[in-house]
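In this document, chain identifiers A, B, C, D, E and F correspond to the written order of the chains, with residue numbering beginning at 1 in each.
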Amino acid sequence: MNDNDNDNDNDSERFKRGWEKLREIDGDAGEKVIESLKNIAPDLARYTIEFPFGDIYSRPQLDLRSREIATVAALTAMGNATPQLKVHIHGALNVGCTPQEVVEVIIQMAVYAGFPAALNGAFAAREVFAERGMIED
Amino acid sequence: MNDNDNDNDNDSERFKRGWEKLREIDGDAGEKVIESLKNIAPDLARYTIEFPFGDIYSRPQLDLRSREIATVAALTAMGNATPQLKVHIHGALNVGCTPQEVVEVIIQMAVYAGFPAALNGAFAAREVFAERGMIED
Amino acid sequence: MNDNDNDNDNDSERFKRGWEKLREIDGDAGEKVIESLKNIAPDLARYTIEFPFGDIYSRPQLDLRSREIATVAALTAMGNATPQLKVHIHGALNVGCTPQEVVEVIIQMAVYAGFPAALNGAFAAREVFAERGMIED
Amino acid sequence: MNDNDNDNDNDSERFKRGWEKLREIDGDAGEKVIESLKNIAPDLARYTIEFPFGDIYSRPQLDLRSREIATVAALTAMGNATPQLKVHIHGALNVGCTPQEVVEVIIQMAVYAGFPAALNGAFAAREVFAERGMIED
Amino acid sequence: MNDNDNDNDNDSERFKRGWEKLREIDGDAGEKVIESLKNIAPDLARYTIEFPFGDIYSRPQLDLRSREIATVAALTAMGNATPQLKVHIHGALNVGCTPQEVVEVIIQMAVYAGFPAALNGAFAAREVFAERGMIED
Amino acid sequence: MNDNDNDNDNDSERFKRGWEKLREIDGDAGEKVIESLKNIAPDLARYTIEFPFGDIYSRPQLDLRSREIATVAALTAMGNATPQLKVHIHGALNVGCTPQEVVEVIIQMAVYAGFPAALNGAFAAREVFAERGMIED
């Protein structure tokens, strides 16, 4: 009755759906995050696949491009999650945002979270764009 | 040379453009904010019109719907600016987001800023939707 | 393949387990939160039951008393989620923390998040203790 | 050896110095905070007097006016401690800042913490100025 | 009367008690922090010993294991104090938390502060566990 | 009709005034920030010059020393903008704050944002002081 391990057949659907969604959005960058949790918190890796990707990003109520705009905005504004911001700048580009749109969202955060947040977001974008060969670092 | 009062002809273009943009996006809710600053920090009211609206929201690089998604996401995630979140939930609806899309952005913030941020964002949306007669409060 | 509605048989186990856990920990205060989401974001209500309570609080790796100490600490430190802090002060008391222990965790947050966070946490505790008839408000 | 109650002769000097400093800076507003902790966390009240006021504000390395500018700036930027911000807007005025200077610090926070933080800081200032009869509310 | 230097006989008891407590909880990691403040802010080093450790952690109202759970939770949730989080992951292990319990607290923070905070907390734990030879880095 | 590119004659006054102010306050450190935005978000560079420096820091209502105290306080308290904090520690020294005053503001933030924020602020100050040859690193 109290089987509190969700890694059962019941949830394998969410996991599978989440893994595919994570691959679609974040690509290699997302897969690396999951991999890096293996020897410290594998259950957190599983939850990361199941809830954000299997549940939330799989919902049809909002297109993926809008979702990534929301995520880049939030992570830029919070300013304390640079690695995740970089993963989702990749994600935004992967689902069809233009580099200019990503930068535009980041610039807008100067209004809501201050210039330091926007500047640090821009520097994160510069790193991602350079990784993708889109600009010289 | 040292005229540090920006309220001159040079900037009246930004102010006018900002005021129109603020009216377009935030409507009465935005105007009330500006009004409420009159007897305490009128210059902050002017800056609020000039920079966020005259400069940022007037840029053509991103559509207003995407901009409001970004703002609702950021303010929900930050969790310490409820009055402004409510103004921009109005704003999102004013520029064409559906109520469902607004709620969807807020739900997504559970992933990035935690469930309390998403819950409080949802309660803010409920208040705004009720003000607009879209749901029973 | 694209069934992105989790509200199926596969997940009903998580939901049921989550609901019972939420009832056990947060009692009426938690149930009221879920109720209040009904007309604005019912899916967020479901996720709140499934993930935090069905997944996380149901894990046997940490006792509920320690979990509530962690939650009261985090919400006090973050300082932007007073309603949730109050729910979890109830929660902490419900799972066996003494009022003194709850206050002690809150005082400790002065060290990590500053005195305002600790003061506002203490005021939240005072409200909860008064609701429970433990002190005069 | 294990006397962990600091309320002994050794510390009474800090407490007395802190109480006088709190009275000098925050006046009635500060005293009310201390009073309000009495029935929930009296030790936190004592620490609030001893460390911030007995230790920090009593240091001669920085004048009180500069200290209050720093505090108003920080609390405005953090945006999650409105009651304490209001106490320290009183404090800033009590130690010689002009209302215009207080507002100026708050406006400046738009740059570092975003416009919502500055707007909410301005609204807090308006309440304090009205309490002091300096403006019509 | 106005001796605002606390480094006197009156406070040496708090300092001594604090130093022993810091040694007991944080061990070498804590001592290194204090050392690193020597040439920039020695008074902050002294306060760090006196208030958090001499006052708070020395209070008998809560056991050290619960205190470290609270601190790991708060610092993970805040997400802007990685060096201090690592010191207190050491601290948690030093006072009797198991590695699994530490990870469990960090995972739980996904609920309250979002997945990025939990992920970054897990990466901090991985570094600490590797330093202690508990896992391969 | 509404040329929303601000890079016109109308705004060149703000830009020029801002650039001179940025040079006066932040010196080379500020100029490097602007330079580093060139290939990723040049418009954000321009806004950084125009609004914070051309508008805010150019206002006569508060002296630059007080402004830098406010900024160092806020950035230390927020704890998620270390590069900008370092630029403004340079700035504070450039406009006449003594090193001791800068450190004092940072220590005070322990009260409002917790000890980790103050410690990390002190480490940022140590780096800046070492860059300027004021202390051994």
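What to note about this one:
The rule is simple: a contact is a pair of C-beta atoms (placed from the backbone, for glycine too) under 8 Å apart; a residue touches a chain by one contact, two chains touch by 3 or more.
Small disclaimer: the values here were computed from a predicted structure and weren't measured.
For the pair chain B and chain F, chains touching both partners: A, C, D, E. Note on connectivity: the fewest steps through touching chains from chain B to chain E is 1.
For the pairs A-C and A-D, the larger set of C-beta contacts lies at A-C. Under half of the residue numbers found at the chain C and chain D interface occur in both copies, marking it as a different-residue contact. Using mean Cα coordinates as chain centres, the one most removed from chain A is D. Separating the centre of chain E from that of chain F, both taken as means of CA atoms, is a distance of 30 Å. Between the CA-based centres of chain D and chain E the separation comes to 26 Å, rounded to the whole angstrom.
Remark: chain A and chain B have CA centroids separated by 24 Å (rounded to whole angstrom). Chain D has residues 43, 47, 51-52, 59, 75, 77-81, 84, 107, 109-117 in contact with two or more other chains. Taken as a contact graph, the chains are fully connected, with every chain touching every other chain. Against chain D, in their complex, chain B makes its touches with residues 33, 36-37, 39-41, 43-44, 47-48, 51-52, 75, 78-81, 83-84.
Within the complex formed with chain C, the chain A residues making contact are 2-4, 6, 9-11, 13-14, 17, 43, 47, 51, 54-55, 58-60. If you check the complex, the residues on chain F that touch chain C are 77, 109-117.
Within the complex, the chain A residues that touch chain F are 78-80, 103, 106-107, 110, 114-120, 122-123, 125-126, 129, 135-136. Chain contact summary for the complex, chain F toward chain D: residues 51-52, 56-57, 59, 61-62, 66-67, 69-78, 81, 84, 100-101, 104-105, 107-113.
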